[in-house]
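Note that chain A is present in both complexes that follow, paired respectively with chain B and with chain C.
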Partner chain A sequence: MSKQKYEIPTINKIDFAMASKYGSPVKSQKIRTEIDGVKISELTEKFGSPIFVFSQKQIEEKYHTLHNAFSSRYPDVTFGWSYKTNYLNEICKIYHDLGSVAEVVSEFEYQKARALGVEGKDIIFNGPYKPKADLKIAVEEGAKIHVDNLFEINDLEEIAEELGIKIPVAIRINMDTGIYPQWSRFGFNFENGDALDAVERMYAGGKLYLTGIHSHIGTFMLDANAYRLATMKIMQLKERVERKFNAEIAYIDLGGGFASKSNLKGIYQSAEVVVPTADDYAEAITNAIYEFNKSENLPKLYLETGRHLIDEAGYLLTSVWGHKRFPDGKKGYILDAGVNLLYTSTWYNFNIELDKRYEGDNEASMLNGPLCMNIDIIEENLMLPPLDRGSVLTISPVGAYNYTQAMQFIRYKPAVVLIDKEGTPRVIKEVDDLATINYKEV
Partner chain B sequence: MKVIEELVLDENNVAFHPMMGNSYQLNPIAKEIVSAIKQSKSKDEILQELSLKYDVAKEELFIDISDFFAKLKVYGLLS
Partner chain C sequence: MDRYNNLLFNILKPYSAILFLNNKFAGLVMLCITFLNPSVALSGIAAVVFTILFAEFLKLQEIYLSQGFYIYNSLLVGMGIGYIFHPSLISIALIAISSAFTFMFSFMLNRLFSVYKIPILSLPFSIVTMFLYLASLKYSGLLSTLVNNATSFDIEIPLLLSGFFKSFGMIFFLPSNIAGILIFLLVLYHSRHIAIMAVVGYYFGILVHSYLIGSFDIALHDAYAFNYILVAIALCGIFLLPTIRNFILALIGVAISVVLTDAIAILFNYYAIPVFTIPFNLTVIVFIFILSITYYKEFNLHIKSTPEESLSSYLSEIFRFGELYAKVSLPFSGEWVVYQGEDGEWTHKGKYRYAYDFVQKKDEKNYQNEGLYAQDYYCFGASVLAPVSGYVVDIRQDLVDNIIGEVDRVNNWGNYIIIKSDLGFFVEISHLMQYSIGVNIGDYVKVNAVIAKCGNSGYSPEPHIHIQVQDIGVIGGFTREFAFSEYIQGNELIFNSKLAKDDLVSAVVHDRSISSRLLFILDDQFLYDIYKDNEKIATEKFIVKMNSYGEFYFQDKSSNKLYFYNDLQQFYFYKYEGKESYLKNLFILLPRIPFINKAGVFYVDYLPAYLVKSKLETMFIELFSIFNKNLYKVSKRYYLKKKSVVSHEGEVHFEVQKKGFKLIKYNNIELRRVS
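Coming up: the complex of A and B.
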């Protein structure tokens, strides 16, 4: 006699207060069976689990949307790919092929950009820490140096002396745009006059001259109007510098910080509601340039958007390894990916989708990673149906920062797959192994 | 009398506990297990019966039944 189809036994207390006009949280399941036409099951069977997956199609679509928002309003705009957001070579190449220059904040990122064939003139060198030896290479190769502090001015003057040249530089400034917390640790403050004093110091030395002004007012900025204020203050400083020092500020750089469609913890409304559109950001910035420009020529506009461009194009596929019932009744799932790979889980509630529809009602579940650490929690309370060992969850958006900040801790860093525009997946970074870990140990 | 023995099961797989005032949603196999417990069958006996009846590895079934019993305890239906 053939056996009957099995279903995991479930019992759930009926909470009548949970029913609402939005439906029942006990029945709803978010399901994702494919990414860009490639089945989730095919990806994990072929490339293993856990695995990061990036969509070139989605990267390019987002890039074009944002770029069109700016270029349709302003004649001279260039994006700088923010390496720290994701510096996998194949990802950087996509952005460079689309026309982005490189925006780097360390010698390692600088070297990576150069190794990818980016010319020095197409590298923006930002950050508070630029050792003199690295700074000198960047100067010699014609990179755009964005000065962060007075020590850097001294170093640059020494380099100018050593090379017998005058060095064009940009200055990073910070300001009050009504955003809390105000990012005041990078660059020179606008309101208290530090920024203008720093420019004065540069010109007093006679070895540096200013060609650009840069600001980066924060991250995950949900108020496009803050960029209008930032642009206004940059344009005001530009006008003062040009008048006082007979300088020509060729470009302004509004940095990054545009939000992605991720759900920030503590924000009640969904990202679809609270995140400004590309047009919102573009309008705020370009309108302010036109409004406050006092020069004959419009400055070139650089943007260093990272998260907004790539976050939604990145996914993490992770498999259920096992489950248990905690003493408080909550179901706990052990996954093969944890906070070692999801650094941003501290701040964002991810979209977590199932690989198929599962039988049974949802119950409050906790998603734990594979680390033997109590803090390895991806989600504390998620309504999930009974999952099987081997069920695959797709976690998104994770394209920004998660891979670059993923820790090699307890487990090997996973492989990364890129699905190209034709819908063909290929490995762009293999899974680490013992040789990776032991490399350089002596 | 065990608390679970007071559970009233209906044809829609809903169970009601009159003393506690709670209702529960079960699936058919869960209903079978509760019925078996009410008949004083042990966990091992239930495991044997279900493994013969359903297309599932016994080791896997053991995990699911253990989880089910744990949840009954959390709900105060089993001590």
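Coming up: the complex of A and C.
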């Protein structure tokens, strides 16, 4: 008989109401031993820790599910990959290969898309800040310009003058869809008539003409019906513009904001329960187009979903460096990844899984990152069994925004691994080093 | 002019209807044949005229015009009078009286019988004639002719043949083998099937009869043997489809009618009344009554002008649109697996055997991680889509989703929705997620609409969708057989089929823009330039029209007609009338258009034989498909591309933003849309 391992005794309050056939939360452990058939241990041993891991298979599955939900109901749908959600080159390439155009919101993202070989006509240029010089390049290259404010109309008219052409543009509008907070910062308001005024202003100038209408009503939208209202208002504006200015609005763009299966803080049901499905979003939008279309032709439909498509395909693997017991009795773990890599931990409760089954009862534990900052807390109270140095935790979903918003702060930005469809992992971004950080410093 | 044409047709129709045909030329020939016995012929005409006059007098024109049997019963009564009495003022008076009565009696019987969906056949004739013959015993002014017109027009042929033809003639009160031969030829010309059943019925009846009475000769001489002929035709070809099973039923029917004929003859002879068609009526009505209320599968629901036509329309329908049970769409989108099918191993048993359970799988597994939580199951939380268009009649959504492995034994069905389909049946979907139902009782939902989420409530050890079809809108109702109207398996789009356990299927969601591009409206016109080997040779125009039955069709310049239907689930062509034409080829190139937006799948469709085979071949196919349904199967594969359908025969391209077909292409012919 082998010698039993010593466990430090702990005191737990046992809540019988939560006990189930599978035991109490004191016993249950969430375990993930692999991603797409690749062992967690193999990933950290081979590529180090912490590390971001993306699954191409899951990216493609999710893309096809959402695309099918729309394309089966509507004849002309194109997705635009939202660069800001995740602009790692290899990730963008996957989406472009699947048929996505690029949706960019800055000159940097625009250049990135061009560098990846995306043609101007396949780039949607959004956002409140478009430097004039870069705007001019985008116009020359035939990009779809989505106008955000009146200053931009002036800029575009000057560019039209300089180039001696009439520029086709789309307009970004905002509206009340019953959602709080209402995103009224971007584009022109629909209800107060700003949007129609802006179009009038464009046609009065005689240098621009409208070919598209765009809106983006919010983020992590848990009510598919808001999209129905948004689509309805876009279609109403489309009809007014077409009638008044004899225009032909070739496309409408519903933006993004579709929720992923993340668990929003403050919501206690599982994502499967509260998050609308692809069918919900698709039905809300396409039904509204059919219902409110007054023109002979159906408009082309663009969507710029980011989070919904990639969030669940991204994982962060992090290792336990040490643990201690705080004066209040709580167990504390020091991990090699913290809020510097998990920007979204402010809003979402992550799914945190163990690499194997551990002996011992669960106890309330706090997960802290490596930063020498009091705020570096990933989870304040998580029921975990006793872990040791080297135990690996898989944190998900982290595919959306976490990498692009990850800070180079205190530590180097980690490497990123992509597991391709054959189940082979490969590095798509190396870990930073001093040279990366010192580059450009003078 | 139309009205007189109609009138003429209505005088001739009953003559052909007696032989189960619907053709005025056959009627005209029959009328001529009756002149072999002028007394029968004139009395018959008198009866038809009196009936029409009487119906006009009552202003019931519409009714007698639409229903042939009101007149043919009178016609039979009239010929019956002419058969035994010389034409005289008294006999004419008798015809007038009996015509009025027969018309009303037919009307009444039909109203009563139609409750049970059974035909009145010539029952009114049998009963009215019975009374007439009884009454005539008192009318000394009538001169019976029975004795002298017995065999006045016979030719010398063996009794074995002569008996058959005489019986055939007797149907028209012309017990002469010449009349029989003529009528038989007429029938043979119109329907080989009726002719064959006449021969089979007659000789089988004679065989049974001779066995029972012990004499072949007496059986052949029996004046009422024509009942066997009528029974055989009615039971295998007219009211029941011409199939092997019905062939056997017809023989059983004939045997029954033999006994009935003898029994009734003994009773009637006592009062000197002829038996006529009573055995036929009795036998057939009993058969139809029982088969109709038990939803017999080989019942002929749409009686066409000949058994061959009935069979080919029936086969076309079941091959193309499936057996006659309820059809529903899959209640989800995407790819799912049948976990338990019809007659399943766990719960789909007995009265509940027609049901399906579906789950989603990835890499052969229904769940990720260890499958300890409902959220780990791939289908948990997936959208449930309405499988039919209809009203929501009942819902429940307060039950919690079970912990994996546990079941709710009290509320077996869990959270559920019951929808009453527009077509009358009820669809029940179970084990839905708690509070996920997005519709209310009384809401109208369209097929494919999102209505709930897949859950794990009720008797459900793990998340899945259960679907069944019921006759009543109450939870726990017994299940009824049904099929799925459309789904994709592999690369094939399959229509109206059932699924088996472990089948992997992809659901089909409809693209409304496709159906709206095929919503053709009366007088829509489509102009085409015709190119042969890339050289313009002609122009053609298709116009949308509607006939008096409400059927829509395209008509070309030469008045060929191609009938179509758009049932909002699919668009299809189902009938073609006319000669070789571009329209006929359009039917072959594109027999149906599913409303799905998915390039790269193919589907199989079955074309009616007359569309692709020669007349003679069609005749043989129609006759022999009685023995083997598959003879009628002319299947073709159609590949769905983006905005076109391609087959071995050619291709058809659609307009993207407009109604209609942009390009029709086959062999070296191209129809290019002009406007």
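The rule is simple: the second predicted complex is superposed on the first by the 419 of 442 C-alpha atoms of A that agree within 3 Å, B and C clash if a C-alpha of one lies under 4 Å from a C-alpha of the other, contacts with A are read in each partner's own complex, and residues count from 1 in each chain.
Just so it is clear, a residue touches a chain if its C-beta (ideal position, glycine included) is under 8 Å from a C-beta of that chain, and two chains touch if they have at least 3 such contacts.
These figures come from a predicted structure and were not determined experimentally.
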For this session: Classify the contacts of A:K30 with the two partner chains as first (chain B alone), second (chain C alone), both, or neither.
Result: second
For this session: Return first, second, both or neither, reflecting whether A:R73 touches chain B, chain C, both chains, or no partner chain.
Result: second
Exercise. So, does A:E109 touch the first partner chain B, the second partner chain C, both, or neither?
Worked result: neither
Exercise. Thinking of the overlay built on chain A, is A:G360 touched by chain B (first), by chain C (second), by both, or by neither?
Worked result: first
For this session: Please work out whether A:G329 is in contact with chain B alone, chain C alone, both, or neither, and reply first, second, both or neither.
Result: first
For this session: Have a look at where A:D279 lands relative to chain B and chain C in the superposition and call it first, second, both or neither.
Result: second
For this session: Go through the superposed model and pick first if A:D311 touches only chain B, second if only chain C, both, or neither.
Result: neither
For this session: Pick one for A:K5: touches chain B only (first), chain C only (second), both, or neither.
Result: first
Seminar exercise, completed: chain A residues contacting chain B in one complex and chain C in the other none
Problem set entry | Residue numbers on chain A that touch chain B, as the complex places them | 2-14, 26, 323-325, 327-329, 331, 359-361, 389
For this session: Using the touch rule from the top, collect the residues of chain C that touch chain A in their complex.
Result: 333-334, 369-370, 372, 374-375, 380-383, 385, 403, 405-406, 433, 436, 448-450, 453, 508-514, 596-598, 656-657
For this session: Note which residues of chain B are touching chain A in the complex, please.
Result: 14-15, 22-30, 32-34, 52-56, 60-61, 64-68, 70-72, 74-75
Problem set entry | chain C contact footprint on chain A (complex, rising order) | 20-22, 28, 30-32, 65, 68-69, 71-75, 270-273, 275, 277-280, 283, 286, 290, 296-298, 353
